[in-house]
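In the two complexes below, chain A is the common chain; its partner is chain B in one and chain C in the other.
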Partner chain A sequence: MDNAAIVGVAQTKYERRKKDQILADLVFDVTQAALDDAGLAIGDIDSVVTVSNDFFDGRTISGMAVGDAAGGEDKNISTVSGDGTFGAFYGLMRVLSGYKATIVVAHYKGSEGSVPITTNGMFDPIFQRPLGIDAISAAALQANAYMTRFGIREEDVAQVSVKNHGNAKNNPCAQLPMDITVTDVMKSRKIAAPLKLLDCCPISDGAAAIIIANEEIAARTKKKPVWVKGVAHCCEEYLLGDRRLSDPVALKDAARRAYAMAGITDPMAQIDVAEVLEPFSYMEPLWLEGLGFCKPGEGASLIEKGITPMGGRLPVNPSGGALSANPILVAGLARLIEATLQVRGEAGARQVKNAATALAHGFNGPCGQSHCVWIVGGKK
Partner chain B sequence: MTEWLKDVEPLTLKGQIAVPYSWWVGDTGSRFLMSLRDDRKILGTECPSCGTVFVPPRKNCGRCFVDIDQWVEVAAEGVIEAHTIVHYAYPVQPVKPPFAYALIRLDGTDVGFLHLIRKDLDKIKNGLRVKAKFKEERTGSILDIDSFELI
Partner chain C sequence: MGRRVAIVGVGQTYHKSHRPDVTSREMIREAVTAALDDAELTIRDIDAIVIGNMDHFESINYVDTYSVEGSGGVMKPIMKVSTGGTTGATVAIAAYYHVASGLFDRVLAIGFEKNSESDTTGAIITCSDAIWDRFSYSGAIPSLATEATAYMEKYGATQEDAAIIGERDRNNALNNPFAHLQRPLTVADIMASPMLAYPIKLGDICPRSDGACACVLAADGVAQKITRKPAWFKAAAVRHTYTWFGDSTDYNKGLVSMQRASKDAYQQAGITKPAEEIDVAELYLPYTWAGLKWIEDIGFCGPGEGVKFVRDGNTHMGGRIPVNPSGGVISTNCIGATAMLRVAEAAIQVMGKGGKRQVPDVKNALATGFGGCFWSDVVILSTERP
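Moving on to the complex of A and B:
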């Protein structure tokens, strides 16, 4: 693969309701901020990828509504209807196919629609949708399958919520920085067993942008380029019942291929920090298992062992993760932006010392049907 | 937020998109739903290559990438593989919470079948056996099975 780098990043503060800005306003702000961050002008950008979902936005061809705001007038624009890590992947492919610099923008306003009704729409309309299943109840089935298989207690996964809401206090963009305890999580309102309110992400509004460029552009940007060392994605079966929900095989495959590209043979030793997409607490340990940081069933013990909190061998979600702000679609791009900031050494109070190599992860579909894994680093 | 907007209630525009669809169920799905409606029987299909018995039935196997034309009648009972008891309500749910979703491995099949459990919620465990309860009035829908009940 030719060298390509992340040269500009920007994200809004994530909030429950952004009443003063429409979607295009959010996109315009992060586009401008990402260009400022890179020290580039809109004329330097020759390709635009927008990330949006028509159901969420309540309009068809939703990408077109933010094209102008993304600086897309007179350029080609494509839209990825999926997580932002997949939008970034498409942006990278644009650069590898000859464009100089692609801006990838993602937007989402959970305050404007209905998350359960919209996520019910991702299920098969004939066999599953009439049952009323949505993203939350599907996740609860996965949590049950995973935790039952390995004998993981609710208190064990509650620690993820405690850690990530605590980490969010160091992230000025986070929506829910909180000092909470395992007891608080355990006593929070029942949503869908074993998930309680504090095991679940909030509803969020926000946007994010990232500029991916070739070596020629990266040589003249303001900030130190962060190089794409490895990236891959993989998908598994559509119907929940066809999958073994406690075994994220698509993630394992994506990780294996991303690691091979990046020359990673021992992820725990070679990766300094990870940002994974965990809108539900149990997902963090399950994804860490899929990413090969530990054996199946051991993910939930990493916090207690001191490995994944700040200061541990592999801090996971220093930003507070999706539990602390989950603008759907944007949330994966936020993981990649956080990984970039870590490698730059610009992550402020959430900075992991000497972070040279970072992992970012996002997924699409119920219970992580398809996963995208990025490895980024400071050296070409 | 912009200063002047702090002193007023920001405007919202209420809207709703209600688009009618007629999803053709296809020949495989139609046979499955008609069997629920007319015979109270659950049908699956069996991949000629890997032998997986799918329910709901598939016309082709995504794992082997081959056509499937072998129909099998599967049991109306099986084992709970995973479940959740739902406590929150929203308009699309067919029943009022609390109720449970379960992935059920019907006898003679190789995949989990997603459906509802409405009774004995405090007794549900993975590994327990359940049986389909059919509705008296059936229309050719996945909800012709009212729910599954613990045996």
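Moving on to the complex of A and C:
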């Protein structure tokens, strides 16, 4: 793979409701901010990828609403309908194909939609939708499968929520920085057993943008380039019953290929920080197992062992993760942005010391059906 | 840009108004199977998949993860690209970048739509901004009707002039076993058909079809091992200009996105005289007037010359630059697949697999996509490796 780097990043503050801005306003803001971050002008960008979902926006051709705002005028502009990590992957491929600099910008407004209705739409219209299943109740099924298989207690995964909301205090963009305890999580309102309110992500509004550029452009941008070392994605079967929800095989496959590209043979030793998409607390340990950071079933003990909290061997989600802010689609791009800030040394109070290699992750589909894994680093 | 890429196989379903015998997943599988057979490959040979449709139509969210058993994407990388009517072309173009990037050698591009399971107009009007555009100027037909009226006023074109396009494309469809509408229409038939929104009559506009299309793309070095006559990408250009329908109403400018996209494509392909150097064109013409005016925007003839160019027979089979040997969009419109069918049919012409609709001695074929807010994409395929 030719050298390509992330040279500009921007995020809005994530909030429950951004009522003073329409989607185009959010996209314009992060597009401009990412350009400023890179020290580039809109004329330096020769390719644009927007990331949005028609259901979530309530608009077909959802990319149309933000084309102008993303600087798409007279440029090659397209839309990926899926998590921001996938959109960024398309942006990367355009740069590798010869474009100089691609901006990838994602948007979402949870305040203007209904997660139960829009995510119910992921399920089979004849056989499954009438059950009322949605992303949250599906996640509850996966949590049950995972926790039952390995004897994981609700208190164990509650620690993820405590850690991540606590980490969010160091992230000025995060929606829900909070000082909570495992008891707080256990007492919070039941949403779908075993998921309680504090095991779940919030409803969020926000946008984010990254600029990926070739070596020549990266040499003249403002900040230290963060090089793409490896990236891959993979998708499992569609019906939940056809999958083993406690064994994330698509994630394992994506991780294997991304690691191979990046020359990573020992993830725990060679990766300094990880930003994984965990809209539900049980997902963090499950994904960490799929990423090969520990054996199956051991993911829930990583916090207690002091490995994944700040200051540990492999801090996970210093940003606070999706539990602290989850504008869907944007949240995966935010993980990549956070990984980039870590490698740049610009993560402020949430900086992991000497972060040279970082992992970012996102997914599509119920219970993480399709995963995308990124490895970024400071060295070419 | 990047590695050279070619289409090495294409497949499509037999397009119909209703396919109650298949789910979208099964319909996709038909097209994929046909494409793999055409390329003499199996799904195991495919490294990545790109798929697209217009979600709101069938009301299925995340069609990439939904259709994974139909597309063959289980345990493969799959992503969704969705850009309205242009989707089929932008999916093919995204697949092109997958290969050109060097990351994947053999990529499957899939477009589909099950229009019979959708409320097309109910869904399409949501593309317009809810405050500024939706109540004044929305849906596919009104915007095109305004464009047509302006063109007639400016150049004195008549409804009969436009009807020639419909007659041409519907006649061509008789040579295409996959086309949805297999009944010819004459200019008189079109003139007699019910008026929908002046001046667009039923005979002037595309149908709603159920259908899917798939293309297999391969890298330089790999393509030549798959087929003796790969259809090489010489150009891929995308211009999705305009967010607001209100910005698209200066009809004196013409179809701006097509002017820009075609200019970019011709530059990439080293083409200076399109009407001479392009041997066949599969144009996304959702309605008849497009066949008069957008050929000016794409540079086949000058401004205002469209009517004469068509009436002189240049775009009919046997003419200087046959347009839509497949029957085009006016004969088949399975929206998420439609723009990909243009690319696939152009590939078919280059690969010499067009049967009764084959144009003789094709070297360069051009395909366009149209949709959204007057957006355009242009792809140029060739027997010649660039």
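We take it that the second predicted complex is superposed on the first by the 380 of 380 C-alpha atoms of A that agree within 3 Å, B and C clash if a C-alpha of one lies under 4 Å from a C-alpha of the other, contacts with A are read in each partner's own complex, and residues count from 1 in each chain.
In this section, contacts are C-beta pairs under 8 Å (C-beta built on N, C-alpha and C of every residue); 3 or more make two chains touch, one makes a residue touch a chain.
Everything quoted here is computed from the prediction, not taken from an experiment.
Asker: Looking at the overlay, what does A:245 touch: chain B (first), chain C (second), both, or neither?
Answerer: First partner only.
Asker: A:14 contacts which: chain B (first), chain C (second), both, neither?
Answerer: The answer is neither, since A:14 touches no partner chain.
Asker: Counting only touches as set out at the top, which of chain B and chain C does A:293 meet: first, second, both, neither?
Answerer: Neither partner.
Asker: Pick one for A:137: touches chain B only (first), chain C only (second), both, or neither.
Answerer: Touch status of A:137: first partner only.
Asker: Taking the superposition as given, does A:125 touch the first partner, chain B, the second, chain C, both, or neither?
Answerer: both
Asker: First (chain B), second (chain C), both or neither: which does A:93 touch?
Answerer: second
Asker: Figure out whether A:108 sits in contact with chain B (first) or chain C (second), or with both, or with neither.
Answerer: neither
Asker: Looking at chain A, does chain B or chain C touch a larger number of its residues?
Answerer: For chain A, the partner with the higher number of touched residues is C.
Asker: Quick check for you: in the superposed arrangement, does A:280 touch first (chain B), second (chain C), both or neither?
Answerer: Neither partner.
Asker: If you stack the two complexes on chain A, which partner ends up touching A:374: first (chain B), second (chain C), both, or neither?
Answerer: Neither partner.
Asker: Per the definitions at the top, what is the overlap between the chain A residues touching chain B and those touching chain C?
Answerer: 58, 125, 237-238
Asker: Give the list of chain C residues in touch with chain A in this complex.
Answerer: Going through chain C, the ones touching chain A are 1-3, 25, 52, 54-57, 59-62, 64-69, 73-84, 90, 93-94, 96-98, 100-103, 123-124, 126-127, 129-130, 237-244, 260, 371-373.
Asker: Which residues, counting only chain A, touch chain B once they are in their complex?
Answerer: Contacts found on chain A: 19-20, 58, 114, 116-117, 120, 125-134, 136-137, 140-145, 148, 189-195, 237-242, 245.
Asker: Touching residues of chain B toward chain A in the complex: what are they?
Answerer: That would be residues 1-2, 5, 10, 15, 17, 21, 23, 25, 29, 33, 54, 56, 62-63, 81-88, 90-95, 101, 103, 111-116, 126, 141-143 of chain B.
Asker: Using the touch definition up top, name the residues of chain A that touch chain C in the complex.
Answerer: It comes out as residues 1-2, 24, 53-55, 58-69, 72-82, 86, 89-90, 92-94, 96-99, 118-119, 121-122, 124-125, 232-238, 249-250, 253-254, 364-366, 369-370.
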